[in-house]
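Naming follows writing order (A, B and C), and every chain is counted from residue 1.
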Amino acid sequence: MSQALTLRPDRLFSSDTTQRAIAQRLFQHVETLPIISPHGHTDPRWFAYDENFANPTDLLIQPDHYVYRMLYSQGITLDELGIPRSDGSVADVDPREVWRLFANHYHLFRGTPSAYWLNYVFSRVFEIDVRLSGDTADVYYDTINNALATDAFKPRALFERYNIELLATTESPLDELEHHQAILDSGWSGRVITAFRPDPVIDPDFEGFIDNLKSLGEITGLDCLNYTQYLQALRQRRAYFAKMGATSTDHGHPTARTADLSTLEAEQLFNTVTSGAFSKEDAELFRAHMLMEMAGMSLEDGLVMQIHPGAFRNHNARVFEHYGRDKGADIPSATDYVSDLKPLLDRYGNEPNLNIILFTLDETSYSRELGPLAGHYPVLKLGPSWWFHDSPEGMLRFRRSTHEVAGFYNMVGFNDDTRAFLSIPARHDMARRMDCVHLAELVATHRLEEDEAAELAVDLAYNFAKQAYKL
Amino acid sequence: MSQALTLRPDRLFSSDTTQRAIAQRLFQHVETLPIISPHGHTDPRWFAYDENFANPTDLLIQPDHYVYRMLYSQGITLDELGIPRSDGSVADVDPREVWRLFANHYHLFRGTPSAYWLNYVFSRVFEIDVRLSGDTADVYYDTINNALATDAFKPRALFERYNIELLATTESPLDELEHHQAILDSGWSGRVITAFRPDPVIDPDFEGFIDNLKSLGEITGLDCLNYTQYLQALRQRRAYFAKMGATSTDHGHPTARTADLSTLEAEQLFNTVTSGAFSKEDAELFRAHMLMEMAGMSLEDGLVMQIHPGAFRNHNARVFEHYGRDKGADIPSATDYVSDLKPLLDRYGNEPNLNIILFTLDETSYSRELGPLAGHYPVLKLGPSWWFHDSPEGMLRFRRSTHEVAGFYNMVGFNDDTRAFLSIPARHDMARRMDCVHLAELVATHRLEEDEAAELAVDLAYNFAKQAYKL
Amino acid sequence: MSQALTLRPDRLFSSDTTQRAIAQRLFQHVETLPIISPHGHTDPRWFAYDENFANPTDLLIQPDHYVYRMLYSQGITLDELGIPRSDGSVADVDPREVWRLFANHYHLFRGTPSAYWLNYVFSRVFEIDVRLSGDTADVYYDTINNALATDAFKPRALFERYNIELLATTESPLDELEHHQAILDSGWSGRVITAFRPDPVIDPDFEGFIDNLKSLGEITGLDCLNYTQYLQALRQRRAYFAKMGATSTDHGHPTARTADLSTLEAEQLFNTVTSGAFSKEDAELFRAHMLMEMAGMSLEDGLVMQIHPGAFRNHNARVFEHYGRDKGADIPSATDYVSDLKPLLDRYGNEPNLNIILFTLDETSYSRELGPLAGHYPVLKLGPSWWFHDSPEGMLRFRRSTHEVAGFYNMVGFNDDTRAFLSIPARHDMARRMDCVHLAELVATHRLEEDEAAELAVDLAYNFAKQAYKL
């Protein structure tokens, strides 16, 4: 006995009739705006070669750590889900069986943003009208599987149907960007750009750091174990990424720490961290120094700098050992922006031509640190509520805790930051609705006029992202 | 001129008409469910010997540190309230005078959960229909005092009237559990079990630690100043507690720190902390090590492990000196779960047969640490909003900050965690109502279907506690 | 095309009809109560000499760091705004041009408390009925400028029109209080008192610390580089401030740290910090020690002690260098009250005749530390939501996070804490409304009776401030 799946037109809006009516009116201004996705992790191969997706499990479960972390937390093993192991092997599981396992445990997602996104995809993209459960697992599998085999569900077709004006992916400096080149060469009109994410070559704790430097040397023809040439190589790669369309860099350090070292100190530290024998503090200080270098290069080349700090990556040692990084086991930790960013802000905080976008996983910093910083420093803007906080409650907490102190105009609108391509419109739908919920609160309590709110709704959904990321 | 005391049928529900109607419907599913109280601090003697309670002051004020901390904060001394001193003496105060003092200051509790619980007890249990104030102090005292002298208000009668299916108390390993034995021997049908709280013998900073080890030795016939025998003694006591019905252990350390020491390191550290000459760090590391040992023993014997960290116990030096521990002067402090639990999770985080329930007094950890941890690790579940946060606002903050990230199914439902026996139904009433408030919010904004919410309401009120505590 | 500026009678009240009706009724009890402003930073010269304010820019923009920080964050330089430089010079800008720049960027303040306060002043004080924008900049400038030239807009006339019963300013011990003396000598009935803020002479990191001690010596006729005489000088200045009407002291340290040093240790530390060669820790420890001394002196002389910790002052090095302190670049940082206040509370926490009012910029401490502390210690009370949190959302977060744990009666009502004299009624209007919003929430959900809420509304708006500050 399956139950109806319906997307209510008023979903997420307040049940207060005054606020709901305002939110409905505001939402009309933004519902159909094109999608700007200035930061994310989709795979450029999809758009380069436009091949059909393999099957529902391969598309919707196996790449989505939001999904399998929750299943794992309830005792389902990663092998049962067919998650690839770090040695390259995969448990021999039938995609349909994995889907059934997922369907049988779909209640675990009740009230989570994953359920919102998935239901949106099921309903809007695949036009399914019953809820997912053990009973409907096969109907779902077949419906989605059949759709995926058609042209209408190939990556470019979905990109266009999704009304995506721009989509940014994220690549390492070691990436040759051949898929992006293929997109450009193809003559397809969709705009897919990259972003420069140098963690593998500026974080000494990154797996294979030294090998990564050697690869960087090969790509650039420079000796990347020599500090001066190393910096030159980074400049060269940034220029290449910019030429290929990138407008931003991205930095996922454990902390937001920055440091202002002399060239001599920096060079000595570089020699230490490339010697292989370095302390935790050496690694941290080198990352801190390199954020400063990256800011300096951004001032030169105009790339917008994104800082995504504060995740304890790969917290589960056993999962990391057997399945590798990014397996749903990253855990946020407390972050200090006030002291950590001071060296950077002392040097570059007042530059008129530098854009730094701050993100956080530590919500305590919203009103205590990030709002006050962004409401003062010309170079700083606030990224949206991120990752675990990319959710209705997370968005409301972010907005309510920052808009009074940072002001709306020091925000950059929404990032979907996702690997889950199919969910992109669902995520923007949620973000736009929640912005309307927040603005309607302000209007209904006479803290904002409705015409101001309508302007802000459009800014938050569209304009701010284009401006902040120089798109 | 006394004013009416009434418990509104819709108390705590949102005034939004849509949400209130949903909450009313959800509450019908849970209002009369039996009470599962899997963690608390009531006195087993009450149920063992079923004697009448002495008087209103002795029952409702003197054992309740929630009540006298607030009175103390406004300049009323503990002697005026007849709180026993650590030397065993008590100021010579008339219980009726203490009650009058309380009544004259009852306005101090406006808007606090204590007022909610007390008013519920006054209205429902004692059927009083005027508010407590100076004017009604004597009416209250006489009404309650007379009731307490009757059979209907003896502990077992109240236990049955309260529809308590199971009540857990908490005892030290040094407790012989003779009162629990007396309950079992009595043939009474009420189910009162114990829980194993080893702080006095695993925390070197606990008052009388060495003496406690000696007592443990006497009870077990082992030499508890010998590390190997000490561990054996703990195993033996755990087994005895389990035999007596315990299904859980409980740990109230200052932090959540855990450590993975070698047997040799552990033994040396044990020798240090039992020598009497040890540093703060030695004590902290020993507690950290013993949490790891306790987790290992839980894996062996199946006892569910509860971790209640983060209270700075007995913060008021003068009150501690004169009146001893647990006098309303425990203050939460910032807690770090991400690093502190890492050693434990590295070793046991993926065990399918281990249940660890995490609590916190540091609400900043809800969305930053605990939600992400519980939403990934199979061994972890989240206890409810605890102690200072066992309140309408506290519960809402907890639910709103965790359900999206941890998911509802990584929660354990409600704990009343109280010494105040009479307030148990009031506390469960508040918790069930606030869960309905939260679920109604989700339903009214179309984040959850009402049939899903109804299932969750029952799970949160009843099923989750039974499952998580293996009851 | 300019749009109407209107102050809605129901502004800030919930749009929920039940809650709004309750809030309206509660607000009738407090709307017209006199203003008690027990802590702030207005200039006593205004009231001493009662001269006309110069022009709109000089009055409303240039002294208000809330305003120019936001403009600065969006790339407007402090020179463009005519903010004085630390060398005493000022960029040659026309006040009307500055006003136009402000008007053209007024949208930046949408949804901020600054907009609420400014719009209130524009509407209520200057009776302007169109919104501020580039189009209306000149109308605004002329209207305000003309008004300021009249007697009705002189400081004392506004003070009386504003129905201010008492206004406290804040002065350094080095201040001779000649303006306060002039007020007293003038025979004017307005009550303007001072508060004792000794940071310049007890914080070794304060600019000119040694010179400040020398000045303190000159004022008191004591050798303030001698520790005993230094303490005597502070006692003497406190007595003088108290004689001039002060009822409180105020302390703006980077942290809430306190220390209990022996006289010998304190004297040695004093010698170190006055030698000019001292470490960060020396300075911190000296501040910690002096908070203890100040508490001891408060016990002697009865001055209420306010602690405002946790701001990283003058975070922007370049702005500090060129424009000096207090230029909108103070950033909050994480604060620990539980450990930091322990020495002070160990010594004085149970004193019946000492009042210490705690403030915070770190909202994480509301429910975790400050609520529990204030709900236990007799000497502690909680100041209102402060500075960046003096806003509708900030006030709601504060009330919702503290009232259940600290209780309403451990609060001190509202402080406007402002330099912006014209905004004082706007700020109290916001605070009174938000208290009614919060109380209405509690009444509508049956957590409080309406008659109790009405009493509390008056207490929060008026009585608590008078009691806590001994006015």
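Quick notes on this structure:
Methods note: contacts are C-beta pairs under 8 Å (C-beta built on N, C-alpha and C of every residue); 3 or more make two chains touch, one makes a residue touch a chain.
These numbers were taken from a predicted model, which means no experiment stands behind them.
Both subunit A and subunit C derive from one sequence, and where they touch, under half of the residue numbers involved are common to the two copies. The angle needed to superpose subunit B on subunit C by their Cα atoms is 120 degrees, rounded to the nearest 5.
Rounded to a whole number, the gap between the C-alpha centres of subunit A and subunit C is 40 angstrom.
With touch defined as above, residues shared between interfaces to two or more other chains in subunit A number as follows: 16, 334, 364. Looking at the complex, you find that subunit C touches subunit B at residues 16, 18-19, 334, 336, 338-339, 342, 345-346, 349-350, 352, 364, 367-369, 371-378, 380, 400-401, 403-410, 442, 444-449, 451-452, 456. On the subunit C side of its complex with subunit A, the touching residues are 3, 8, 10-16, 69-70, 72-75, 107-113, 116, 131, 312, 315-319, 328-334, 361-364, 388-389, 391-394, 397.
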